[in-house]
């Protein structure tokens, strides 16, 4: 059975994800919520640029329309 | 229970937040209001570029479609 | 009580505001009207680039989708 | 009483206006029509780049979503 | 009486038009059809870049959302 | 009688077309399907950059919102 | 009979596809799901830049509005 796109988000709740944004920035953190616009809530998040952590953020709301992709991050990298 | 994205805004009312805009600008200020488009009202705000305060603004209405992310700023940084 | 974003516009009617546009331009002028798309009418307006007035405009209709932020300008700066 | 944004267009019918487009181009001409998307009809128009007239156009339909601002041009400049 | 923007298209049917696209390209050709999205059908068309014809195209469907302006081309230029 | 834009697509079914994308890429191939968003299905397609074939693709689904224009390609060029 | 664009996705379920994104990135992987916005779920995916694999990703949700094209990848390349 195929996977519906939002199922990926649902299965990732409370788990670490990688979020790539338009413009190249990336967040890693635990997915704490989402809505159908793919607005995302991440907690214990890190903002990453060129592979380096540039900021640690306790919790962050990312606007869905800036998201390129979201990927479950099972182990770490 | 997962966090709905707009809950993050609701819980941040009257508290300091960091708002990143498309193009790299950033605002810090107290969140004084929002709507479902993520239009935001900030008071006692500072506009930041490359880590430096470039303007202090008593109150500002930021259009939601220019927002990349919003993060509660519990302590300061 | 939180401030609804359009309230900021309503309270600024007939008062000076600063309007930042995508691409970096800025207008200053008295807010003479707006609609829910944040289309704005400014009168006695100045267009500003890199901090300098590049044009004086009696009245101007600014399309909402080019607006980044709007800020009441109580005293001047 | 505040001015509704489309009122500015209505009052400018048959009068000269300046229209700034995204990307920096500008048209000057008489406003001969508009719709709620801010699609504009200009007649006796000039296209201007860097302050110089680059083309004279009898009549032109400008798509609203490329417009940054529209300003009545009472005298000339 | 003001001219409705789509009237300009209707009056230009079967006549030569100039179509400027976002990014600077331009088409000239006879307007053979359009819809309310400003999707355009041109026949006997030429694609122009920097003032030079870079391609002749028997017929072409141009997406409305790439259009900047459309102008009747009564004589030629 | 004017040509409706989607008629151009309908008449081009099973025939070779040229599809220009935003950003300058181009596809050539037989049009095998489309929908009202101008999402296109091409078969026996070639991706072209700067006039050279950079990839041959058996079949491809092109998102309508990346399309600039579509042109029937009667003979070849 | 013409092929409806979403049919291409349906026929590609569980099969390898190439997905080109705006900005030039590319994913290869097995298509595990999609929706009408062309949001895509890929598994056993590789992110490719300039022809080189830059990251392996177990599963990824790609936002439809960043997609340029999707192509079944029957053999490999």
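Annotations for the structure displayed:
Per-chain numbering from 1; labels A, B, C, D, E, F and G assigned in written order.
By definition in this document, a contact is a pair of C-beta atoms (placed from the backbone, for glycine too) under 8 Å apart; a residue touches a chain by one contact, two chains touch by 3 or more.
Note that the structure is a prediction, hence the values are computed from the model and not measured.
Any chain bridging chain E and chain G, meaning touching each of them, is among F; the list is complete. Shared contacts of chain D and chain F, meaning chains that touch the two of them, come down to E.
Centres computed as Cα averages put chain A at a distance of 34 Å from chain C.
The distance from the centre of chain D to the centre of chain E, each centre being the mean of the chain's C-alpha atoms, comes to 19 Å. Touching two or more other chains at once are residues 65 of chain G.
Ring order of the chains (start chain C, then chain D) is C, D, E, F, G, A, B. Taken in their complex, chain D has these residues touching chain E: 13-14, 21, 23, 25, 27, 32-35, 39-41, 57-63, 65-66.
Interface residues of chain D facing chain C in the complex, by the touch rule stated above, are 2-9, 22, 38, 64-65, 67-72, 74.
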